[in-house]
Amino acid sequence: MPSPDRRGDEPGADVPASGPALSSAPAIELRAVTRVYRDRPALGPVDLALPAGEFLTVVGPSGCGKSTLLSLVAGFAPPTAGTVLADGTPVTGPGPSRGVVFQQPRLFPWLSVAGNIGFGLRRLARAERAARVAELLAMTGLEGAAKLKPYELSGGMRQRAAIARALAPRPKVLLMDEPFGALDAFTRERMQEEIRELWRSTGVTVLFITHDVTEATTLGTRVIALAGPPGRITLDARVSEGLRDKVEAAIRDAASARAGVAS
Amino acid sequence: MNLALRLGAVLFLLAVWQVVAWLKIWPPVFVPEPLAVWDQLLRTSSEGYSGHTLAGHLLASLRRIVLGCLYGISGGVVLGLLIGVVPVLRTLLNPLVTFVRTLPPLAYLSLLVIWFGIGEEPKVWLLLLAALPPVAVATADAVRGVHEDYLNAARSLGARPWEIPYRVVLPSALPEIVTGVRVAVGVAYTTVVAAETVNGVPGIGGMVRDAQRYNQTDVVVLGIIVIGLSGLLIDYLLQTLDRRLVPWRGRHI
Amino acid sequence: SSPAEAPGEKKTVLRIGYQLIPNGDLIVKDQKWLETALPGTEITWSKFDSGGDVNTAMIAGAIDIGLAGSSPVTRGLSAPLNIPYRVPWIFDVIGDNEALVAKKEITSVAGLAGKTIATPFSSTAHYSLLAVLAEAGVTDAKVIDLEPPDIQAAWTRGDIDAAYVWTPVLAELQKDGGVLATSRELAAKGKLTADLAVVRTEFATRHPDILAEWIKQQDRAVKLTRSDPPAAAAAVGRQLNLDPAEAARQMGQLVLLDATEQRSPEYLGTAGAPGKLAENLRSAAEFLVGQKQLDAVPELTVFQKGLLTDALP
Amino acid sequence: MNLALRLGAVLFLLAVWQVVAWLKIWPPVFVPEPLAVWDQLLRTSSEGYSGHTLAGHLLASLRRIVLGCLYGISGGVVLGLLIGVVPVLRTLLNPLVTFVRTLPPLAYLSLLVIWFGIGEEPKVWLLLLAALPPVAVATADAVRGVHEDYLNAARSLGARPWEIPYRVVLPSALPEIVTGVRVAVGVAYTTVVAAETVNGVPGIGGMVRDAQRYNQTDVVVLGIIVIGLSGLLIDYLLQTLDRRLVPWRGRHI
Amino acid sequence: MPSPDRRGDEPGADVPASGPALSSAPAIELRAVTRVYRDRPALGPVDLALPAGEFLTVVGPSGCGKSTLLSLVAGFAPPTAGTVLADGTPVTGPGPSRGVVFQQPRLFPWLSVAGNIGFGLRRLARAERAARVAELLAMTGLEGAAKLKPYELSGGMRQRAAIARALAPRPKVLLMDEPFGALDAFTRERMQEEIRELWRSTGVTVLFITHDVTEATTLGTRVIALAGPPGRITLDARVSEGLRDKVEAAIRDAASARAGVAS
C-alpha cells in the first residue's frame, strides 16, 4: 500500500532540519498522572514536563514504576487518572511521533532483522528504505545479521535491533526502556555515543530509563529518580558535576525504604 | 527410518484387516477383503464406475473441495480478523458465526438446492460452510492471542489502524490459522459425501453412495481409502507449508 | 422460475433427475436414446438419492423431469408443497423388490406386535409397512427409522426383529428371515406403491413434443425388457454397476408397464377418465394424514389433475 | 451496550426474515414465517412432535453431544499430546489421525451400527469421532508451538519426562486447545443430524429429519434455531472458561 | 502425582551438607566443543574445565557466543562437535543438577510467582515447599508479588523471580546468563551479596555470564573472556587485583576486532 506522496506524511521526517523547541508546549507533559493495575497502584501522582530537545534519564529501583511511566507516555495504556500530553495534545494511543524501545526486545518474529528495522519505513521509496536500514544496521553493528530472524540473534543483538527499529522512522520523541541493559561495556559505550550524537544532531526529545547511574548522570541533560511503587518523583535535577552521588543516594533510599517489604 | 516405520504400520494394518476379513467377525458385506478392494481399484480405474473412472470421480470431488476450502478459508480468515480486531463486529458477528457453525448441513442442504440449484454451486457452498468456521474461530482466537507489545510496537512505528491486521495480526496469528486450515480441510472432507447426495456423480462421495445403495462394500471402502489418502496428501502439503511459513514456532522471542 | 431454455442459447434443455432403480429409465439413459431422438435438445442427467430430494429440486426449478416414489409424489401434490408438477408415466410398480422381512420365528404380521421394525421413513416402504400393520391391526409395534445399510447392520446384530426394505438389503435379510408381506401383494389390495415420473407442468405445456418423445423412449425401454431381456439387463447392470444376471433378477421384481398398460383405468387412464392411480395417491394421502405426516387430505381432483394422461401415445 | 447491540441485531434479523417470508422470494415451504415457527415452538413444547416434547428432543441430543464431546475432547487431547511429544507416535499416529479425520461419517455410519447397534452408542461414537480431530490437531500443533525454553526450564528444574506433558505442555498449549475444543463442539453439533439418522427419535436431529421429510419447514427451522441457540450457550461457557484459564493470552512474557 | 518418598530422590537436595569437590572429575568439562547454527559457527572450539566449587564469570562482547556456551553446558542443545561432561558423564540434556537462569526470564506464564519458584520443588512436602518458596521470595525481595502472574511483574521483578526459581531446588551447578542485567544498582548489589553468600555456604559451582566487568572481576574466583563469533576463550584468569584492566582490554580487543564486521 505505497502512498503516492511518499515522504509527505512521514512522521518526524523533517525533524533533523527543524531543530529543537519550535512550539512552546512541552514535547511531553504529565499532569497528576496515576496508574493502578487492578487494585495495586503502580505510579503517581506524577507531574512532569519535558521540553522539546530534552534528554531525560529516569532511574529508580526495580519495580518502582519506570516502565509504567514510559508506557503511559507511549500511549500503550491510558492513565488511571490525570492526563498525558504530547506536544500539547492528549495522548490517546501509540503514535509514530513517539518511538519506543521496549524493556524486552519485542521484535516481530516473522520478519528478519532488516524487515524489523524497515517496518516503520513503509512510506519511503524502496531504495531510500534500503539505505536507511543499512545505515541503522551499521550503526548498531548488525550488518552481518540483516537476514537473520530474531530467534537467531543473541540477547544483545536483539536489543540493538530493537533500538534500530525504533530509530528508523526518526521519531520526534524517543522512549527507551533500559535499551543497553544487555550490552557489554564496549558495545554499550558505542551505542551511548551514537545516541548522544543522534540527539545532538536532530534535537530529538529523549526519555531514557536506565539502572546504570553513570549512564544516567552522563548521557542526558536531566535526571529524575522514581521511588515506588507507586512511583513518585523523588529527585529531578539537571546533569551537573556532583549529581552522581545524589542520584545514587536517591535510588538507595527508594530501594531500602521498601527492602524486605512489598516490591 | 520414518518411512520404514510408516510402511511397517501400513502393512500391519493391512494384515489386521486381512485377518479380520478372513475370520468373518463381521459379515463380509461390511468388511470386504483387501484384495477385493484392490480389484475394484483396478476395475474402477480402467472401466470406471457409474460412468466415470476413479480418477474422474476423485478429480471432480477434489475440485469441489479445493474451491470450497479456498473460499471457506479466505472467508474464515477475513471473518476471524474482523471478529478479533473490531469490537463492534465481535459483538455482532461472534454469536452469528457460532450460531451458523453449529447448524447441521443435512438440515439446510435443501435450502442450498433451492438457492443454488443442483450443479456445482450448492456442493461448493456446503464445503465452504464446512471449512469456514474452524478457520474463523482459530483466527479470531489467535488474534486475541497476539502479544499486545507487537500491536503497540507497530502503532509506534506508524502502522495505520487498517494496516495492523495484515502487517501484524495476520503474521502473528499465522501458526494458529494454519492449524485452523488443517482442521477445516479435514471437516470439508468429511462433508463431501453429504455434499454429493444431490447430483453427485462424478464425485467420490457420489460413487460411495451409489456403491452403498447396492451393497458394493469393496467400492465403498475403496472410496474411503481414496478420500483418506488424498486428504493425507493435502494435509502433508499444509504441514510443509506451515514449517516454511512459521519457522519461529516455539521460539518467538 | 428457471426457464427450460438456457439463457443466450436457442438450444432447448431437458434436465432429468434420475435414481438408481432397475427400470426402463436406466435403459434409456444407458442407450442414449433421448440424445439420439432429440438431437436439437440438450439433455442433462442428474442423480438423486431420494424422492424428497427430487421434490426439492422440482421446487427449485432445477430439473424438468424426475423420478420419485408414490409417497413423495403424494406429498408433492398435497399442501403445503403443491409442487406444480404432474405424473406422465409410471416407471414401475413396486413388486417383490420391497418387502417386509421378519426373523424366522415370526410367522405373521400379527406376530410383530411389540416388536422393533425398521424402515427408511417417508419412503414407499414406510408407507407400505404402515399399511400392512394397520391392516393387521398391529398398533404397538416399535417402528424406527433406519437407512437400508443400517438396517442390514442392525439386522446382523439382532437389534431389530423385522424390516420393510428394498433390494439389495432385502435379499440379504431374506437369507435368514422370512417374508411376511411384499409390495406386490399390497398393490393387489389397492395399496399400490410405484416409482413415478414427474414433469414440471410448465415444461409439459411448453414442450409437449419433447415430453412425447421422452415417453416414447420410456415405452421403448419397457418393450425392450420384454423382447430382449439380456440386452435390457446388460444396460441396467452397466448403470447400477451390477452384473447382468443380478440386474435381471432385480428387474424381475418390479412390474414394468408399457404405454398401453399405463393407459388402462387401473393406472394413469386417459384424458377424460383419470385412472385409479389418482385414487391410490389419495388414499395414500389419507393414510399419511392418519400418521400425522400430512396436514390435510386434498380433493381427489387434485390427484386426478396430477396425472398427465394426454401425453401418452 | 453489547446486549443492546445484540438485541438490535436479533430484531433486525427477525425483521429481514419476516420481510423475506412476506415477499415470497423463495417458496414459502422453505421460508416459513417467524410466527409459524413460534407457533411450532409452543406446539412442540406442549403437545410434542414425533411423540416427544421439544425439551425431550433437545435433552436427548444434548446428552449425546455432551458425552461425545467429552470423550472426543479427552481422546483428542491425549492423542494430540502423544503426537506432539513422542516422535515415534508422531510418525505413526499423525497420518492415521489425518486419514481418519477425512472420512465422511455417512460412509462409515453402518459400520458403527454393526459395532455398536442402534442405541445411544453409535450416536455418541459418531459425535466422538467428529469432536476428536479438531482437538487432536490443535493440541498437536500447539505442542509444537510450546516455547523450547519452557521445556528446557522444566527439565532443568527436575521435571521428569512423563511430567512434562501435563506440567508444561498442556498449560502452555491451553489457549490453542480451548480453540480446538470450541471448533470441536461446533463440528459435533453439525454432526448431530447425521448421528440421529440411526433411530434418532427422541433427538433434535431426528426431529429435524422427520420434519424435513414431511416438509414441515417450520419445525425444521425451529429445530435449527434450537440447535443454534444451545450451541451458542455452550460456546459462551467455553469462552468464559477460556478467559478464566488463560488470562495471559497475548501477554506471555 | 506426589511420590511416596518425598525427599528421597530430590536432586541436589543433599548438596548443602556435602560441600565442594568430592569427586575428582570437574563439575563441568568442555572438550573441543564447537557449535554451528545452520552454517554459521557460533562457538568454539572451546576447552574448559570447571572444578566443583568454582565460581566462573564469563565476559565477552555481545553476540560472541556466551549464551551458546551456557546452553551447551545446560544441555539445551548438543554440541556440533566435541563433548560436554558434567561430573565426568556426558551431558545429554537438561537436568536438575544444573540450574539455569535464562538471559530473558522465561517464567511459566500460567503459574504465579510462587508457583514458578515452587516448580522445581515438587518432591518436597507441602509445608517444606512453602517455607522454601517464602525464603526465596524474601531473598529476592518479591514477598509482595508471590501471587502475581509473570505478566504483572516489572522487568527486574521477572528476572529476580527467574533467579529464585533456579535456586529453589538447590542445584549442584548454577548457570546464570546475565542474571542481574535488568536490576538497579542497589538491588543488584543485594543480589550479588546473596549469590556470593549462597556460593560460600553451599559450595555450588557457578557459571555466571555478565557484561559488567566489575561484577566479573569481583564476584567470582575466575574469569574467562570470549571473543567471537565463533566464541573462543581469549583470557582465562583467577580473580586478582589488576584483573579488571586485563578483562576490559580483552573485551575491547574482541569487540573492536569485529566492530563494523559481522556480528
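So that you can tell them apart, the chains are marked A, B, C, D and E in the order they are listed, and the count of residues begins at 1 in each.
Everything below uses one rule, namely that a contact is a pair of C-beta atoms (placed from the backbone, for glycine too) under 8 Å apart; a residue touches a chain by one contact, two chains touch by 3 or more.
These numbers come from a predicted model, not from an experiment.
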Chain hops separating chain D from chain A, counting only touching neighbours: 2
Contacts common to chain B and chain C (chain labels): D
Reference chain E; chain at largest CA-centroid distance: C
Geometric centre distance via CA averages, chain E-chain A, whole Å: 29
Chain centre separation (chain D, chain E; CA means) in Å: 48
Whole-Å separation of chain centres (CA-atom averages), chain B against chain D: 16
Multi-chain contact residues (two or more partners), chain E: 104, 153
Multi-partner residues of chain B (each touching 2 or more other chains): 26-27, 30, 110, 114-115, 147-148, 197, 209, 212, 251-253
Residues of chain C whose C-beta touches two or more other chains: 52, 59, 149, 152-153, 156
Contact pairs between chains, per stated definition: A-B, A-E, B-C, B-D, C-D, D-E
Complex contact set, residues of chain D against chain B: 2, 5-6, 9, 26-27, 30, 88, 91-92, 95-96, 98-108, 110-111, 114-115, 130, 133-134, 137-138, 141-142, 144-148, 175-176, 178-180, 182-183, 186-187, 189-194, 197, 205, 208-209, 212, 220, 223-224, 227-232, 235, 242, 249-252
In the complex with chain B, residue positions of chain A that touch it: 1, 10-11, 74-76, 93-96, 98-100, 102, 104-111, 119-120, 122-123, 149-151, 153, 158, 165-166, 168-169, 171
Residue ranges of chain B in contact with chain A within the complex: 147-150, 152-159, 163, 167-168, 171-172, 174, 246-248, 251-253
Partner chain C, residues of chain B touching it in the complex: 26-27, 29-30, 49-51, 110, 113-115, 117-119, 197-201, 206, 209-216, 219
Residues on chain C engaged by chain D in the complex (per definition of touch): 52, 55, 59, 75, 80-81, 118, 121-122, 144-147, 149-150, 152-154, 156-157, 159-160, 293-294
